[in-house]
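The letters A, B, C, D, E and F name the chains in turn, as written, and every chain counts its residues from 1.
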Amino acid sequence: MKEFSFGESTAKILTTTGFSSLEGGDITMIFIACIMLYLAIWKKFEPLLLLPIGFGCLLANIPMSMMANTDAGGLLNFFYQGIKHEVLPPLIFLGVGALTDFGPLLANPTTLLLGAAAQVGVYMTLIGAVFLGFNMQEASAIGIIGGADGPTSIFIASKLAPHLLAPIAVAAYSYMSLVPLIQPPIMKFLTTEKERKIKMEQLKPISQTVKIIFPVIVTIVCCLMLPGVTPLLGMLMLGNLFRESGVTGRLHETAETHLINIVTILLALAVGSSMTADSFLRLETLKIIILGLLAFSFATVGGVLFGKLMCKMTGGRVNPLIGSAGVSAVPMAARVSQKVGAEADSSNFLLMHAMGPNVAGVIGSAVAAGVFISLFGDVAILEPHASIADIVGSVEPGAKAAIAQVVGALHP
Amino acid sequence: MEASIFAAVQVSILSIAVIFTVLTILIFTIKLLVKLIPYQAPPAKPARRKLPSSNNDQDDHVAVITATLSMHMGKSPDEFRIVNISQS
Amino acid sequence: MEASIFAAVQVSILSIAVIFTVLTILIFTIKLLVKLIPYQAPPAKPARRKLPSSNNDQDDHVAVITATLSMHMGKSPDEFRIVNISQS
Amino acid sequence: MKEFSFGESTAKILTTTGFSSLEGGDITMIFIACIMLYLAIWKKFEPLLLLPIGFGCLLANIPMSMMANTDAGGLLNFFYQGIKHEVLPPLIFLGVGALTDFGPLLANPTTLLLGAAAQVGVYMTLIGAVFLGFNMQEASAIGIIGGADGPTSIFIASKLAPHLLAPIAVAAYSYMSLVPLIQPPIMKFLTTEKERKIKMEQLKPISQTVKIIFPVIVTIVCCLMLPGVTPLLGMLMLGNLFRESGVTGRLHETAETHLINIVTILLALAVGSSMTADSFLRLETLKIIILGLLAFSFATVGGVLFGKLMCKMTGGRVNPLIGSAGVSAVPMAARVSQKVGAEADSSNFLLMHAMGPNVAGVIGSAVAAGVFISLFGDVAILEPHASIADIVGSVEPGAKAAIAQVVGALHP
Amino acid sequence: MKEFSFGESTAKILTTTGFSSLEGGDITMIFIACIMLYLAIWKKFEPLLLLPIGFGCLLANIPMSMMANTDAGGLLNFFYQGIKHEVLPPLIFLGVGALTDFGPLLANPTTLLLGAAAQVGVYMTLIGAVFLGFNMQEASAIGIIGGADGPTSIFIASKLAPHLLAPIAVAAYSYMSLVPLIQPPIMKFLTTEKERKIKMEQLKPISQTVKIIFPVIVTIVCCLMLPGVTPLLGMLMLGNLFRESGVTGRLHETAETHLINIVTILLALAVGSSMTADSFLRLETLKIIILGLLAFSFATVGGVLFGKLMCKMTGGRVNPLIGSAGVSAVPMAARVSQKVGAEADSSNFLLMHAMGPNVAGVIGSAVAAGVFISLFGDVAILEPHASIADIVGSVEPGAKAAIAQVVGALHP
Amino acid sequence: MEASIFAAVQVSILSIAVIFTVLTILIFTIKLLVKLIPYQAPPAKPARRKLPSSNNDQDDHVAVITATLSMHMGKSPDEFRIVNISQS
């Protein structure tokens, strides 16, 4: 400021307006952000996530605002660390667990298989993605969209293909909102009128003790077999234990309200901040959008077909319509099962029966994620948290080797 | 390209196998658990609900108060909503 | 000293000019917006409140029904405290 | 502890009491802290902020407590990182946006000009500060006190003049509480009885759609022109969108209650921790206190005079008293307009009319802050967050150069 | 993934299951975790802490889950930073302060001495621990279990003996739940029937002004004398000031509900994550468990005996049973006093009288902690927070020296 | 070993002495404080509670609703308390 001049200052203000470096890509992305806000607000597409994602995208694409996830030191870059270090998705799952009633699943545990069958969408998509030229890690992250689980998709994407985080998250949440549109035609196409009219017998009540032991069992069984998914599944089950134990009311209430809300705000803004023109306006994004639709459709197909199989094997005591709920997207997919069932026979109440595969789908996707982490995730590359990073460990390879060499030379 | 698709198919089959294995183990564990600890009709007041704060008693109170208020304020109950009552 | 005060005056004038420019643009944008999307008396129940989750209508209905029930069952509200009433 | 002795231990305890290194400055600061607590509790001066600021000041000035903002590794130093990295003020603004109704502003958008006019206080103070020997960055940070917006003041101070953070924050919040004392005499002096009696016509209702679009428009228009203010203004508008969209009730509730409360506690303690004797007991502080009073007064003058101009230009349909509300200090300044108006004519209700310029003042100050950032803020010097800092980037210049040299030598 | 093969992949999945590296220690720890969950849920042993601690322990001991506190980059390692940097315990104390009514203590300030006397348990345990071979820092951290204050124990353990954090925390919370079992026999053994029947006169009411000034006074007096305890005691008193001031309702509500709940979840998971087989399945743990029981018992003895002394000195106006409440464990210990008193004379209401020493015990333990920090805590070794760490300061000593040498050589 | 136990005993005695010193100082400070500022029966409505925010307008609404409720439920207004109303 030593040599202040009116002209120079005016110039500085003009050159530091966003307009000075506004490019086509930015304008397109701002437009896309507005579309997301429109879908969130007026079409009610998962508004709790799409609204802050869209707004984060808007902020990130204002030139020189330093709000993109890559702007070191920026506000949204700070929130983005919570995705990069895999802290926020598990905290969301803590809240999801606190909100979820696994009772219907426990009353009919076989429906877990429907949650497994719906994962077929994940693998059809994976194959499709490899076909379209993505490598295996990328294809896995894209496939998980078929799991219809936002936090799981974000967790896996940030682990296996962070450069695809934005389109994967957007596709996951968009299609989740489209479940009521995507699923019914597929369900009707694959089932007969008679099958859709099948009434299922009432669920048996479940002991509270079983409900309490369940999350512990799931944690031990699944996490022992697929340790990579522990942050997600462990937190989901802890949240559920808060809920069912009956002795941690305070923690349960916080986990399912203000904690999950705070984390949602940070997570969604961070996802939005990764939607920069550079990373989003690519052919890959288009492919992912198409593959995502494929993923949801095939997941539905997988669930319904397996439902038909179960129908056959139980002598017609399972309505195949509950299979589509196996995609998770709780509780929307279960409502779709209810609605399609009621269309065939207005006295057919499938909602509670569909809740079993519905929550099973959450576990199924987490397990699928765990398999991917076992196969492709190199746990050794977990980035240490800042406060414990020793310098030799946090530097780019070149500098790291150089410093190690110096240190070695001086301290033989 | 073909090789990688073949690999993808292999990964898929392997993964689905793992998923079904894990979930089948889980199913049998749950079935065992439910058999070992059967549901018993609650002796008096069974494991009550766990909604955010609030308990069922509250809902009743809310209802009563809403009704009273609406009756005496000449308002439809739609015009206001009691969200939360805490017992002192 | 005098030079820096002169600079400060220049900064001030420039800044005020920018502020008025920006806000004037905003004013015209808002005026345009209000003209394009005029207020319409709510057809039935416009843009309802934004309280935590839950479907309000249901709550009200439940409340009314439960109220009637509880009244007929001779239940009386004991010591309670209304923590929060929100008007819609 | 190998060589423990009774005498030595007693000595150690005595030498590690705060008394052993208590100096006059500490005592003075503890006294000042108690005065702040007194003002917060018994005089109700912005207690939500002054109470924790005062308590943070108390803790920071207990010798050897490691609670000053400069004590690396201390508790309040940890919270202080949230100010230094510019995370906490934007989160406060998220809550403020969730709490603010821009309806009155939308009903009478011209009042935005009153919010602009009140910024004149910022610039009178800036000139005064330069006159008293502050450099331009410091003077800007001091001037922003006239914006009567705590988070904006803290944001700008931590960016342009972090060494003046404590007195600026204290002045901003203290004078904000004094608005009902500072403004009325100025308002009465500048207006005639007749002007004060002017009744304004009722505000037109505003479509909910406009209320929803407004925050998006403000973000695009203002942040594109002044990108530096995006963290503040963007978060303010996101909070407002949570409020008005009607589809994000959970996030809205959290943003306006527990999230803003948590952030307020951290922010206020961190501000308090910066009030050490070294940084606060200086002539500069006295100057800032005086300049702050000047800032508020001139902001009021600016608002009222522009109100008179608008009164003239509209043929007497605008009561100039609503101009003073342009300083922001929501909703106190609007209540002052109401009160002074009612004194002149008890049937004169200016409150809702004054809410327009009042919330306009928040936007006005943010825009003023944006201009300062454009002029004096070097975005390139944003400190990267720890987890992404590469070592070569986070070291003091000397060591940095040295290491770079070593690395270069070894990896040519 | 270049060279993918079915066999290899199957092998990879098998070798990355937790089973592949499951050892006896892990199984034992998982079993211990389940016992903790059992105690928390069915025996209601401090469930708000033991449940998440037990679950954290469960997660940490699933092999390859990366959930132990030592797994750099893992989720629970991230939360563990909050203990290591001494941030979480003070935040818990903020909530505790917001929840605590110091009124009964103010009405009868002499009961502070009972809170002091109960600390005798700390020192008997310290001596016992040294006898069993622990060094002085370790013995101090173990002794603090006798203070019956979870956050204080965790704070001191993480400062003086971080390798013993897990058993100390577990012992502290377990015995706290056993207060109703541990104390009554000791109380009955040490008092006569006549003493137990003593009725105390009603407490005088206290001016709200005194209640407001009290936390400020405690902070100034205690923290000046023992600065090391400022993070704990200062936050406790700030929380209480939020409560009593009557002007910071929002902050008070947040501090005592969602903020303390969030911090509890993080803290308890982090403590659980430190319960790895390596650190927990040691002879030391057994010793600490035994010493912890000793600590609680001697604290009770100390409190009751001092109660008898006060009884004598006041001519029988103090019921010695309130002395045992001096161990803190609010409000359980006070309820035990009430219960034992009512057993002797069913018209004897000691609860409010016992609340005085009860909350005094919290202050007493904090002061005891302060003495330990003064004696053994080297404040200079506080680890700086990441964002301000210069590289030379955060490296292991060897590398540090080496780099310093290089830097020195190049920049003479 | 014996030496370290002796040290431990010394630490203990020293610490207990410090604790009693600190707390005794605190006791006298409190006693002085209570003497200087004695309790006075509340003149009208003493030190009210500290619940979330609330503003003046609300107080009116709260008052009106409290009155209505108490009138029609035949209860004293002291038996329940409306803390918060939020208008949309």
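Of note:
Please note the rule applied: a contact is a pair of C-beta atoms (placed from the backbone, for glycine too) under 8 Å apart; a residue touches a chain by one contact, two chains touch by 3 or more.
Bear in mind the structure is a predicted one, so any value in this text is a computation, not a measurement.
Contact with chain A and chain E alike is made by B, D. By residue number, over half of the touching pairs seen at E-F are also found at A-B, the match among A-C, B-E or A-B.
Of all chains, F has its CA centroid at the greatest distance from the CA centroid of chain A.
Two chain pairs, B-E and A-B, are weighed by contacting C-beta pairs, with A-B ahead. With respect to chain B, maximal separation of chain centres occurs for D (centres as means of Cα atoms). Computed centre separation for the pair chain D/chain F is 30 angstrom, with centres defined by C-alpha atoms.
One inter-chain figure worth recording: chain A and chain D are separated by 37 Å, centre to centre, where each centre is the mean of the chain's CA atoms.
The geometric centre of chain C is 23 Å away from that of chain D, both derived from CA atoms.
In whole angstrom, the spacing between the mean C-alpha positions of chain C and chain E is 44.
Residues of chain D in contact with two or more other chains: 1, 4, 9, 13, 85, 135-136, 225-226, 242, 245-248, 250, 253, 257-258, 371, 375, 383, 385-387, 389, 391, 403, 406.
Annotation for chain F: residues touching 2 or more other chains are 4, 7, 11, 14, 18, 52, 65, 69, 73, 80-81.
Listed in rising order, the residues of chain D touching chain E in the complex are 1, 4, 9, 12-13, 16-19, 22, 30, 34, 37, 40-41, 44, 47-48, 51-52, 55, 58-59, 62-67, 71-75, 77-78, 81, 84-85, 257-258, 261-262, 264-265, 269, 383, 385-387, 389, 391, 394-396, 398-399, 401-403, 405-406.
Those residues of chain C that touch chain D in the complex are listed here as 1, 4-5, 7-9, 11-12, 14-16, 18-20, 22-27, 29-31, 33-34, 37-40, 46-53. Contact residues of chain A toward chain C in the complex are 1, 4-6, 9-10, 13, 257. By the touch rule above, chain A contacts chain E in their complex via residues 85-87, 90, 94, 135-137, 212, 216, 219-220, 223-228, 230-231, 234-235, 238, 241-242, 245-248, 250-251, 253-255, 257-259, 371, 374-376, 379, 382-393, 403, 406-407, 410-411. On the chain D side of its complex with chain C, the touching residues are 106, 109-110, 112-113, 115-116, 119-120, 122-124, 126-127, 129-131, 135-136, 139-140, 204-210, 213-214, 217-218, 221-222, 225-226, 242-243, 245-250, 252-253, 360, 363-364, 367-368, 371-372, 375.
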